[in-house]
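Both complexes shown next keep subunit A, but they swap its partner, so subunit B is in the first and subunit C is in the second.
So, the complex of A and B:
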């Protein structure tokens, strides 16, 4: 097992390099020049020499400078040359990254003025983590009883009803759900004005007592968390139902029933335990998808998390921020896949990776 | 306080790319009674500013916040549209129109109590011009300035390289004045060595910068709120509010809900929201707010730009002379461009696409500016006239296949380059494509990402485009940047390559003419010329739509728009921090 984990961890390095190389190449080789667009959309009229100098200065600083490797006409760098530049730039990025330097953002700054992408993400990480942690726990807590009940009362009204509901949940995009929740449940909307429309805590939160501010976060997080939960919930509940049905039909459950155990003990003690395991592993693997949903939800509910940063950076092609985001989300995905696989093995002794 | 007077490329869809003029003209501030003073003005912005440094800040949000914190030598009066002194008590312009001398107000001081001197003005000017400082675009507005010198502690002199009609606006209304005694070390420090020295380089100062304005920075909570608080040492007439806060709400729906639930007092909205909230509060209740709809020189206009290219360049190399012809096969002919304008039914498009919010644009100037010639009327939607003009230019359906061709049988077909992501432009392109197709013209819309679109503009590599200019914010606007042939080369803003000797002459004569009446005559002549040649099909003059809570008193719409610094709230209606109600 230890060699397996080591092997997987080592494999992560080339995989991550592949992911980052691909992202880097897409951002670099896409047509149009983000630096030029940045200066141009801010400037009224910049003298062309100053413009070129300024653009060069920014490119140099951001590691986006094009080098004329083959000594061609510098105004017409062709595609192979661009590819070469992208590889060179990527190499530089990896080298600097290995030394703990992640470059600098083209436009974002932390409140104390730093352009370091790592610090930009760090500043926003706790928000995204809080939100997604609550969502993960809730998904798990709701999905199990729903899946269990649907399996136990298979074909009955609850099962049919929940199937339709879950299928509905599964099909609704975050953007629509978020807007509906906002409009019908948040203050200033047209329905029940129960929840706030923006942010993750009241602006007066620092004046509140510990308990009150805890409640305040929950109150604010309700709608965004609802928005994050329903998709994962649908998936996990359906999975739970299927896996419980499978266990209920298994031989050991029949044995348990045959030896006269009460039905509740059969289901909760024998069947449920076994069907929980695939759910746990799926939960872990669902984490990256959940973070993806967070990108949309953070925007709708004005939550200053990592998701907003990623979207903003992608729109402006802010390379350093995109790359650091890729690195973080890539690592997170690979780690959760590994943990998921390991949990599988731990849960089911028949699975061996050696 | 119009900063960037000149028009800048804007795209309404991508807010972070917008570089509108920083019009923050202040109206006459009333003498508030002690009873009227107090309370919080709660505003909302749709994205976080990149920073709150008045010189290196580049986005609209920074300007919304900083208009309360910093002041310039001059500003535009919101009610009259005329320049008036802020930190300058008076100014005079020399006979030749090149030298302008400002006399500072002796009572003006920074928020830390230090008086404002001419040294501070020169220092601020030098920050902008310093190549190390991240302010190249602001510096570009001062590129025609030869020198800025302190004559005595309260006198500053700017010398311009050439005669210019708006030398006052161009020198006194571009940059905010910062205290030298606080920031000299941040500017002087070598950026490479700043960290060792323990001094933050000026480029890295992002918040809490000291100015001379009626408010000072209080806090900035990332992604949540920015707060300003009254400057207790303000030298001028105090404003009514104790605090001004900016909630950061990224979703449009959420920001409207924030307004409707009474958590913010002032909000700019889209035409769709305007229609929804026009009569009641969108929830069937009576509304406790007013909707303001007005046009101002800050709004700008949208247009369809045709590639006008029609000129030759002569290149001499190796003793040989080569003539390179730049001529757009279709739109170099003004008759074709006029025909195109006749084919765009702007009235219906305005009605159905823009809900009649806006006016048909009619020329390079804001329609209510004195520069705009009132005798010029927009070309009407007229298919017959369009066909006649096209036939005159040699384009007609020669083989009766329904498509228009020229004498050599080449069909009238072109590509239309449009920035993607802006729904209205995309709808517009689809409708016009259909209209043109019915008239035998084949249009291929091409939607491009903003960076790609910009590259196409720079290379003048397009047949037609859709774009908008942000307004200049001042009543008078200098057309040089967009219309003079000098702006064709080097990726200037004349990307449609409009080259006309008469236009060049009119622009130069007008911008060096110091007499208003004579200048206006020249600008109007230029307007008529542009109308005749139709280098753009001018589309819509946009309008501002604002929701303002009825709790706000003394809300007026001046010539240049709305100024929040005139407002106050009665004591019993105050909310938020320092207010009576929760």
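So, the complex of A and C:
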């Protein structure tokens, strides 16, 4: 088992290298220069001389001349050389990263002015993690009883109703749900004004007591979390129903019934316990998808999280931030895949990895 | 005929052989929700294909000075003709299958595959001829003005100018009326027609992206499962890369860096989705091949000297196809969602449901815009999900008892 985990962890290294190389190559080899795009987006078309001076100034200021992996590809460079430069740049990125240096963001700054992508992500991580953690717990708490009831009363009204409802929830785009929640429960005007419509803290959050600030976060998180929960809930409840149905038909459940155990004990003790683990496993594997969903939710509810950062960076071609984001999300996906596989093996002794 | 031969052949003569596909199809037909969804998707495709007949400024029939003409047929683009033909061929598929069945069974080939091949051939030939020969008419902006001069006209149901500059903008942001059943948009365009043209985008994204990823996944999965060894290990690593690469980030980068004159953003999305989304199919196909590689019928086929390619196509792939189909329907739903997300981020300019929803989202007071586009997305994704669920149930042997 230990060797298996070690092997999987070692195999993660080439995979991560593949992911980052692919991302790097795309950003780096694409036509156009992000510095140029930055100037054009702010100043429009300007005199070429002024433009060149400005570009030099920005490259200088951002330290792009010799660093930040953009290098300075001269204007008329042929493709082979460009590819070579990209590989060289990627090598430098890996080398610097191995020494704990992740480069510098072109335009993002932490509150104390640092350009380090690691610190940028760290600053925003707690928001995203808070949202997703609440969402995961809620999904789990709602999905189990729903799935359980649907499986127990299979084919009856509740089962049919919940199946259709869950599929329906699953088919609502986040953008629509988020907008409607925001505009009819938070904005006031045509709708209600029950919830705050932006951010995750009140302005006076720092003066609140510990308990009150906890409540404050929950109050702010209600709508975004609702938005994150409904889709994943549908998926997990459907899975829970299927896996419960499977264990209810199993021989050991029949044995338990034949022994004369009360139905509640059969269901909760024998059947549920065996279908809980696949649900937990799916939960773990769902985490990366949930983070993807939070990109939209964070934007709608103006929450400064990691999703917003990585999307903003991707749109501006902020290489260092993109690369760090790819690394973080890629590692997260790989780790959750591994944990999922291990949980499978732990739950089902018939599965053996060696 | 000797007696021994007669006893061997007797069970086969008892009834027509039932293929796996026909069993699954029979199961699927029993489920009203799945069949309803399939019907909805077909209707949607029909609406998308026939959009120029439902709304637009080009008349279907035009009589001037006693001369009868059918202008719309000159205006339909080549792609629209190909789509119409594809639709008709798709509906005619059961007939062709029935026609080729007796011959195919004599040779021991699959009638479904043969019929598919015939139809694909017809479609490809027609497409090549059309694009080589035909030049569609593109001049707009005069039929509506000349309508009084004509003796008789058949306009589409909703006659309105396609060019937004043509009509007075007094017509913009109108709530639903008889003239515009679903209201008009921010530029005075008819919402119903935008929904139908948006359906084209949605269906194209879904089918093409999932088609690409299915093709890659099936081929690589079959290769990986059949040969094993270092090929398998290497392909598995590649699959892992694509599985754990953050897709949304990748797509955003691609859409922002690829100049729109090279490739329109919507096609970038389709390509990235297709090229990164094959891992699920790949894993299914690989597992399927690992399972059946050493089955007796595969050994028998190999012993008979059947070539590897034919072995995979005839025996391995059909067996793994049903679960892949389930993944494909859910994949189409996912692709439609992704387009909505990208439009929300402002990265798509093509007329689509996502851009409409994003438009309506910012102007909730014009409720007909977000209600229609939102329902279109919801209903279509819901239909695909129901269909996927139906196929999954139909495939599951445990539910068949």
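Assume the second predicted complex is superposed on the first by the 318 of 354 C-alpha atoms of A that agree within 3 Å, B and C clash if a C-alpha of one lies under 4 Å from a C-alpha of the other, contacts with A are read in each partner's own complex, and residues count from 1 in each chain.
Keep in mind that, in the parts below, contacts are C-beta pairs under 8 Å (C-beta built on N, C-alpha and C of every residue); 3 or more make two chains touch, one makes a residue touch a chain.
Note that the coordinates shown come from a computational prediction; the quantities given were computed from them, not determined experimentally.
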Request  = Would you check which partner chain A:303 touches, where first means subunit B only, second means subunit C only, and both and neither mean what they say?
outcome  = first
Message = According to the stated criteria, A:337 is in contact with first (subunit B), second (subunit C), both, or neither; which is it?
response = second
Inquiry  = Just checking: does A:86 make contact with subunit B only, subunit C only, both, or neither of them? Give me first, second, both or neither.
reply    = neither
Key: Partner chain in contact with A:171 - subunit B first, subunit C second, else both or neither   = second
Inquiry  = Between subunit B and subunit C, which one contacts more residues of subunit A in the superposed model?
reply    = B
Key: Touched partner set for A:292, first subunit B, second subunit C, both or neither   = second
Message = Contact-wise, after the overlay, does A:123 reach subunit B, subunit C, both or neither (first, second, both, neither)?
response = first
Ask   = Of the two partner chains, subunit B (first) and subunit C (second), which one does A:326 touch, if any: first, second, both, or neither?
value = second
Message = After the superposition on A, what does A:22 contact: first (subunit B), second (subunit C), both or neither?
response = second
Ask   = After superposition on the shared chain, which partner residues are touched by A:54: those of subunit B (first), subunit C (second), both, or neither?
value = first
Request  = Share the list of subunit A residues that count as touching for subunit B in one structure and for subunit C in the other.
outcome  = 30-32, 179, 183, 190, 299, 315, 317
Subunit A to subunit B touching residues, read off their complex = 30-34, 36-37, 39-48, 50-51, 54, 107-114, 123-124, 127, 179, 182-183, 186-190, 193, 197-199, 203, 299-305, 308, 312, 315-317
Request  = Give every residue of subunit B touching subunit A within the complex, in rising order.
outcome  = 4-11, 14, 16-19, 47-48, 50-51, 58-59, 136-137, 139-141, 143, 200, 204-207, 220-225, 247-251, 253-254, 256-261, 263, 282-283, 448-455, 458, 481, 487, 489-493
Request  = Within their complex, state which residues of subunit C touch subunit A.
outcome  = 237-238, 240-241, 243-250, 252-254, 256-259, 333, 337, 340-341, 344-345, 347, 354, 357-358, 361, 364-365, 370, 374, 377-378, 381-382, 385-386, 389, 398
Complex contacts: residues of subunit A adjacent to subunit C = 11, 14-15, 18-19, 22-23, 26-27, 30-32, 167-168, 170-176, 179, 183, 190, 249, 288, 292, 295-296, 299, 310-311, 314-315, 317, 322, 325-326, 329-330, 333-334, 337
